[in-house]
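Take a look at the structures below.
What follows is a pair of complexes built around chain A, which joins chain B in one and chain C in the other.
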Partner chain A sequence: MISLTGLNLILPQLIIALAAIIVMLSIAVKRCHRFTNLFTLLSFAAAAISVLYIPRGSFGVSSLFVVDGFGKFFTVLIACAGFVITLMSYHYLNAREKRNEEYYILLLLSSLGALTMVISNHFVSFFLSLEVLSVSLYALIGYLKEEPAGIESGIKYLVLAAVSSSFLLFGIALIYMQTGHLDLSGIAAGLSSSGEFSGVFIAGLAMVIVGIGFKMALVPFHLWTPDIYAGASAPVSAFVATVSKGAVFAFLLRLFYSTGGLENKNVWTVFTIIAVASMLFGNWLALRQQNIKRLLAYSSIGHLGYLMVAFLAITDRGMQAATFYLVVYFTGMLAAFGTVIYMSNKKGEALYIDDYRGLFWKKPWLAAIFTTVMLSLAGIPLTAGFLGKLYLLTAGTEVGIWLLVIVLVVSSGIGLFYYLRVVAVMFAGKNENEASSEPVIGKIFPHGLVLTLLFLLLLWFGVYPSSLLEIIQQIASVIR
Partner chain B sequence: MIYLLQEELSKKVMDVNDIASYLPIGIQIVCAAGLVAFLMLVTHLLGPKRKTADKLQSFTSGIESHGDARQPVAIKYFLVAILFVLFDVEVIFFYPYAVNFKGLGWSGFWAVLLFVGFFLCGFIYIIKKGALKWEE
Partner chain C sequence: MPVNYYIFLSLALFAIGIVGVLIRRNAITFFMCIEIMLNAVNLLLVAFSKMHHAKQAATLATAGIDGQIFVFFIMVVAAAEVSVGLAIIVMLFRNVHSVNVNFLNRLKH
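Showing the complex of A and B:
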């Protein structure tokens, strides 16, 4: 049992859990979209701020969770992403769905899963939080009732995620069989005492990699990504791209760094192949996409591949680079999907690249924001994406993983093409076939404001990254 | 396998993991698969085969089958089924608590009360949503 004194350590998680229940009860009393949205916003903000009240240092909460600088950093990141997604959902849901209060329960619950995952120190808590995250995602992805594509992708995600979960569970069972422990420190101890990895343990680890690789959409397990991104509503796609992937990546770092699983040559090789394939295929397949959400899906596969380079460096610097890049990736993806939401209207989303033709001449500010986002994702100097990639490359070259570094450079080159294609379309001549006269969803408040903020963040991190880096340097060495 | 029952467990955990201890399970799998294969083979070889049109039709307790099984069913049935599962699971948690009622003491009581409290919130929501109104 958790004693009452440990409760302040998991304050952000408690706030989000309570908020989900309060939202649910408030819907039972009276439906009010504005209130629900505001309350969700407040609880995300409260969760992010409550991290300040957690004392410094590393504390275990029972044997399931560990609250340390790393966990706190990701808690804040996820809460902020939740905040932004909630803000962006308001006008979108108002325009496209009648009953939209339940959306916020699901959003809070899946954020809760992500928040508990980043402080998990035990396979049981990891698996439970993964299920909380994905079960609410099934419903979120198919939330728009009038949208057949959404329901289809919800079912797709349900089936595939269930299969990947069963892989994960079997892998956990095999690891438990070999080491006799489910907590990460116990597994580390069991490994160091036995020395060699046995066949059973390798099999277990392989299955865990399948499960985690699916959630992070790394290449052999990536096939669901474009369909789900294209079918789900844009705010939910943003959530899947950022919070869901980021939380699993945080646990991946914790799992392999604290158990030393990467010391094994075979495991390292497997991850190298996955990383190389993700970088190449993600960027390569994005080249010919006409649908902007599919393009972003493939691009996110590529970005997760880049992150693996820093993960495979197994150094403090690698970890700092990965964390920095993840923040940049979160900002970029949220802004990219934010633009898609902005441009959508009652009838549907602005899915195709042609919908953005001549955007610069109609909405120059939005086009400037979207251009910056694309350049940041591509990694052009003066944006955060460039510095993020620079740190990844530094981390890679330091330990001499040349194959990964070379592939990163080559695939970034490939990636430049499709990012610039979107930019070129925005600055091209005016759209001749003004088919949809429906007004777009985006409003100055809060939508334009959020996009501007994200845009400024991208520039801020790109020009003056030391403020963020100082924080990251403090937390990154704690995990070892 | 028998020493598992006799001696302390902690010593033997690593011993259980060697391949030899899986022998009984292996034999079990071979027996199970073998029995199925054997029975299928024997019926195939020994049984008479008379394929008439009547015999190849689907059989529903002697009544002639009609219509399609894939008709839409009212969503209410699903809601009730899901609610049943929820309360079923709740009972699963109650049972071990009832067995250990004294041992867990007050802290156990508060924990279960919290659990039931969260559960009730969900129940209030579902009632207010009209999940149990059958008239409409």
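Showing the complex of A and C:
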């Protein structure tokens, strides 16, 4: 029976769903970009705040969702990321596209998919959230009609994501055959009663890994990433890099920890290979990039590989390290794409590293922010990225997964080169052809303000992480 | 009929879908192939649902029902996916006057 008592538990999701409908109706009445943007901002803020009204503890909402500390933490994280992306989209869309209101419907809907995914406890709810997330992303990626590259990347993402989700579904069907359940607790029970993992179950799990690996852009399922990042508009790339990947990662943790799928040696080995390949290839391929969005794409592949180290540790500390690193990664990526958006002009985005030549002499504050972001992504002390990587390393060394730890260190070393190259360009001499360039679209308010805030967060987590760690320690052990 | 036959049939359908996506260059054909793949999964889920029902019907009348319900969700999602996809294909056609994906080569390193 459906009861109304569980509704307060899914308040953030309800707020975002309602907001999407209201925005849609408001467009039918009257188009107003400023109102739509403001309303979207307010609903993201309301979704983040409404988490405070959810009681503590772990509750099931029907058998589809489970609302626990872990899910609430990710709900807040995703809502905040949505808030930041909405803020950064306003001037960008004003400059580059005429009809902007539908963008916010799609943004709200795909955030809704991410928000329901982090509390999913059932394959049906996971699949539905995944599709809500990605079907709205298809349209978001191809949103700029004047931009042929956007349509191209939209269609590429569409075909590849659809194929990967059919793989995922096939895997789910095989798991269903073996266990007779689609909910994660039922699968765990079915597994423990049957003892050994059968071939069918392993095959099913492998196909699920293909689907999830595609969404998280892990090597060897990463080929779409640079094209989609480069072709989509910068705010959408930021969304793909943060919200879409973070939500899938949250479900990955839930899926493999609550069903105990990682206890199988073969599954663990497959994940190790994926993690090692992601770390090495992501960082190595980023070395050659001249396009800053492609560089960030490869860098994000590497970062997801780092996260897998903590995932494979299968400890409470690993969970905490992964959650902390994900927060740091969100902050860093949002700030990096925020800088790209700030530097864009009416004709196009500041795509190439050369566009940032001599930025320090023109906009010292922006250059300082971008430098900090790059250093944090590279993992230099005093920034949050360093501590995040340190926690990942401790989580790895604690359980002695030395191969992964060594690869993490080596690939971070490779990563230093391309991050520092960007920094070096910003402090180099002035750009020769700057007279021809149009003024940038970034404004002090709200754009500069958000960037400054993200910059301060990166430093704050880097110097004084205990505020965040205390929260994470409360929620991280719940899931198992 | 043993469940193996269903597994082989849906594996064959799934393989046809994959091969189609890999070798065809027409965006509309891509969608047909993806539909075939999704329907292979639907067949599989219904077959497994029947299998679990036959196994446990004595103890639980609704055993295996979740597989069948999942199929409805997949159908809905497939329809939504295609409607958004066709809209994007229309945009592609307006841009390059073709639905051939070989024209999608602007994004290079």
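Things worth noting here:
Everything below uses one rule, namely that the second predicted complex is superposed on the first by the 476 of 480 C-alpha atoms of A that agree within 3 Å, B and C clash if a C-alpha of one lies under 4 Å from a C-alpha of the other, contacts with A are read in each partner's own complex, and residues count from 1 in each chain.
We adopt the following convention: a residue touches a chain if its C-beta (ideal position, glycine included) is under 8 Å from a C-beta of that chain, and two chains touch if they have at least 3 such contacts.
Since the model is a prediction, treat every value here as computed from it, not as a measurement.
Of the two partner chains, chain C is the only one that A:294 touches; chain B does not reach it. By the document's definition of touching, neither partner reaches A:424: not chain B, not chain C.
Touch criterion met: A:166 reaches chain C, while chain B stays clear of it.
Looking at the shared chain after the overlay, A:32 reaches neither chain B nor chain C. When the two complexes are overlaid on their common chain A, residue A:180 makes contact with chain B and with chain C alike.
Touch criterion not met for A:223: it reaches neither chain B nor chain C. Of the two partner chains, neither chain B nor chain C is touched by A:449. By the touch criterion stated above, A:155 is placed in contact with chain C alone, chain B being left untouched. Of the two partners, chain B and chain C, it is C that touches more residues of chain A. Judged by the touch definition given at the top, the superposed model places A:123 against chain C, while chain B stays out of reach. Comparing the two interfaces of chain A, the one with chain B and the one with chain C have residues 177, 180 in common. Taken in their complex, chain B has these residues touching chain A: 13-14, 17, 107, 111, 118, 121-122, 124-125, 127-129. Residues 3, 14, 17-18, 21, 27, 30, 34, 37-38, 40-41, 44-45, 48, 51-52, 55-56, 63-64, 66-67, 69-70, 73-74, 77, 80-81, 84-85, 87-89, 91-92, 95-96, 101, 104, 106-107, 109 of chain C touch chain A in their complex.
Listed in rising order, the residues of chain A touching chain C in the complex are 123-124, 127-128, 131, 135, 138-139, 142, 145, 148-149, 151-156, 158-159, 162-163, 166, 169-170, 172-174, 176-177, 180-183, 226-227, 230-231, 288-289, 294. Of all the residues in chain A, the ones that touch chain B in their complex are 1, 21, 24-25, 27-29, 177-178, 180, 200.
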